[in-house]
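My structure is below; once you've seen it, I'll send some questions.
As written, the chain order gives the labels A, B, C and D, with residue 1 at the start of each chain.
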């Protein structure tokens, strides 16, 4: 017997008919194949709310065939492995009608290893909601002056009176020297690309609740007048994601990145949106 | 940093961890927490009446529950007791351990139960983390904890081929460890012959950071019971002593969008301070195991250099030579680490719990096959914040009369 | 015995309805700078402040890890900072533990909140309830207080006129407190005429929405004496958590407060609390809570809150000379502001509201629906 | 405000805190809600050690930490008001236009009252000890609001 995660793969397969939810299978019929490598090939026949499972030589007559290794198969059944991720890793493939295969996966109750208390067939209640609370964010005098500068197409930084470090957006104090920043300096607006975060993953923007469009580029620009890590964080023109070059400084060796310039919004209100994004300064 | 003499010693006497999973529809928040609490009490062999104080932590916006210790009293056992709620971001679990140490060492309480938890399936993890950024600027730009800055740095320094192979080697070793740990959320059974495919085919998230490199989003809780030296010796067969800990935060304007090196010295700074004040010259030699808060394989590789105060490519070699494997010279995350399971508010405490189990020698299938006397555990959170903790099998060092 | 720990400096902003002109960092600096100036301390590694303990709340701040944006203004860059995500007085309590435990000699405590930022304070406290049983019926801390106020009214002699007198007195007291410049001064009749909010709580019985920050420096005895002429010792602390569901509790019983107070008294070596304190600051978020918490603390006979008010008890016992919560502090800072006020009184720095020769005081904080969690601190001077 | 505070560069920006959430009731909570929804029965759990019937149900007794997972008992859908308030401040998170009555109702057979809406009677006529009964919701919300509200009934 071959076990994965402490579970016998044969037990997972053989309990499939008993885990079949007849009531959910109305209107579904067809043959589906499981190619589980060393755990063998299996054909599931669904018809009129009944299901039969049998070993099979070949699975050519199936609407869809899932191919995976027994460990992944058991892992998915136990919730150890995420099926989508297994597909992304090429550890699980579906040939044929993927949609049909998706519909039959919902016809089985969750597998429970022997000895674990069987769940009564209770539904597990889920409540989905978007929670939204309106906010009024204060700029304070320092962030306020910086944001107002954007209205006039100016990028302002504050300089630490002790170490000379520039920060933009500015802070009330220099964290390192623990003194109030006092001097305002205009920097940029052009600069050099220092870092690109090429974002493929779409996530919600908590300021709006909307999902961001991908891909996009979050960038660090070393604005003219700044040095070292004094980079300015904003966005790149998404059309130019593949055309920019990062610069770097390693052990004092400088490699220059692409030159960038800000693209200003038409209507500027004193917010981060006053700069649409940066683009190549060809 | 200025400090006095430790008032009294503190030991870990009970450990509880839930299974980590993305399928915990079967329990609500207090019920999940209670699984860890029950386990910790049973492990310590005590009832809740012996606990004087309960310390609780997580991040509220992951589940959008305000001051959740109020509701969670249904599972924490805090009813009628003193209780605290202390948090610091991803470092929360480590902070809870520091807090429990302070509370017991002060003499206020003899026995403290600390609980870290998160039920990430109840919210949107990346959206929740993005919300840590300044609402007027970086919140528009940040994507949760996803960044490929460590990849950029390693690739710049060591070339793409060597850097990418090192990250994937680290990843596969962590997966092999995860397969040994029955609690882990993600354990794929990755093989060395998949290395090239994974480097090419795993879906990209940001730049060279791929899905396969990144930590999971898990539900789970961890509970630890701490006791004064006197009580610990009576309670536990083998208390694990908390020798010392250090917390290092840094300003929020840490700009991940820079590859100017060094830009994140908190880990190294914490390690330097902690080792110096405890008289440890060679951490690679001194420690027998390290449970690291490694949010991605790239960071895991990069941070080895900082935590062990290494220079050049010594950290890459540790990975390439597979010395970080469970049977290697410096086993990293025999539990599988954060890539295998990441219930954020509990994650850093799980590092401490796993390190303590290694010292007790009862970690189970993922027990390091050598005597473990000294363990290091790290926490990561906020904008490159660090909590670094030392656990030992006998009383040593700071605070000894 | 663990070493003694003293409060060496206290600073706060004003508490106002809408500090639209300041963000959190600005408010915190307004507190940090005077604290450092008063004590001469810095954050140097050898003998500076070893730990910053912040107080803030992710949901009030609309910010995951609400202390993340505060590191620089807490002096904590490349240093230790931890956040009390709970009632602010717990930071005092925790700072005491960290110093007594030996990990640090001196700690900064600093809390901030802007209740004006979210559209509704009640919507924030609504999130403290569970999603299936208590949120769907619209519970928030105000509605829960209404239920508790009703339960207390049924059990005590406190009536609408007593509550009006409490609010009127709070307004008068607040006039002497420079930190509460906006607190309205109402007459008893105006309070009695104010509309109901959550019966029997009237609109004027509720603490106003406010923004502000408060902080203090704590230090071990030796350090405290070196940096401060008038350290205030934290001699007893205690807190307690009650059940979550309102129906699981006897809302008028003061269960958690009695436990918290008993622990604090025991630690401070106080057998007879009734006559022990020269000043008392309780977190009266709603008027009914002032007599109710005083009963829970064992300072007023059970069920006799009304007679206590009618007999001039609050003045005689110097309760909430600052104006209390009714004068306006953010919810999560309530107990910390109370402790700051008691410390100022014991230091002799309370200005026009100074109680002569105050030597021992009590500060109280409360969090959660209908007082689910209470925390009590006893402060004394030499 | 400090008198020398220059507010000329200060202003405010409107925004939101908006994120999606998915709450799980768990096995115990799910059984309570589905029983309420499908059978119009209100279930509690009994802790024998503490001799208490709790509503809403919970998996663990917070007093003695006993496991209550399978300690179900049905309580009545009628009960009496033990405490109440009238909510009169309007807000977005509230379930009804104000004013409405929020009451603590002790159901027959239960030892702990639940908080719920009381309707069908003017607020000024509500009294402690009055008998009430559950009015079940026509459409489910998968929460305790599968009891839409309580209304007065004969004792």
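Assume a residue touches a chain if its C-beta (ideal position, glycine included) is under 8 Å from a C-beta of that chain, and two chains touch if they have at least 3 such contacts.
None of these values were measured; they are calculated from a predicted model.
> Work out per-chain C-alpha centres and flag the one nearest the whole-protein C-alpha centre.
B
> State the pair of chains with the top count of C-beta pairs in contact.
If you count contacting C-beta pairs, the leading pair is B-C.
> Which whole number of Å gives the spacing of the CA centres of chain B and chain D?
About 37 Å, centre to centre.
> On a C-alpha centroid basis, what's the spacing between chain B and chain C, in Å?
34
> Per the centroid of Cα atoms for each chain, what is the distance between chain A and chain B, given in Å?
22
> Could you state the distance in Å from the CA-based centre of chain A to that of chain C?
42
> Considering chain B alone, which of its residues make contact with at least two other chains?
Residues 25-26, 28, 61, 64, 73-74, 79, 124, 127-128, 131, 134-136, 250-251, 253.
> So which stretches of chain C touch two or more other chains?
19-22, 59, 62, 71-72, 77-78, 118-120, 123-124, 126-127, 131-132, 243-244, in rising order.
> Multi-chain contacts only, two chains or more: what residues does chain D have there?
Within chain D, residues 5, 7, 10-13, 15, 17, 19-27, 29, 33, 62, 142-143 contact more than one other chain.
> Would you identify the shape of the chain contact graph, picking one of line, ring, star, complete or other?
complete
> Show which residues of chain C lie in contact with chain B when the two form their complex.
1-3, 45-51, 57-59, 62-65, 67-72, 76-86, 90, 93-94, 96-106, 124-130, 132, 220, 237-244, 255-256, 259, 263, 367-369, 372-373
> State the interface residues of chain B toward chain A in the complex, per the touch definition above.
For this pair, the touching residues of chain B are 21-23, 25-26, 64, 124, 126-128, 130-131, 134-144, 146-149, 152, 156-157, 182, 184-189, 194, 197-198, 201-207, 211-212, 250-251, 253, 255-261, 263.
> Flag every residue of chain C that touches chain D in the complex, lowest number first.
For chain C paired with chain D, touching residues are 14, 16, 19-22, 30, 59, 62, 118-120, 122-123, 126, 131-140, 142-143, 146-147, 149-151, 154, 195-201, 243-248, 251.
> Quick one: which bits of chain B touch chain C in the complex? Just the residue numbers, please.
1-7, 28, 54, 57, 59-62, 64-74, 78-89, 95, 98-99, 101-108, 128-129, 131-132, 134-135, 246-253, 266, 269, 381-383, 399
> In the complex formed with chain A, which residues of chain D make contact?
The touching residues are 5-27, 29-31, 33-34, 142-143.
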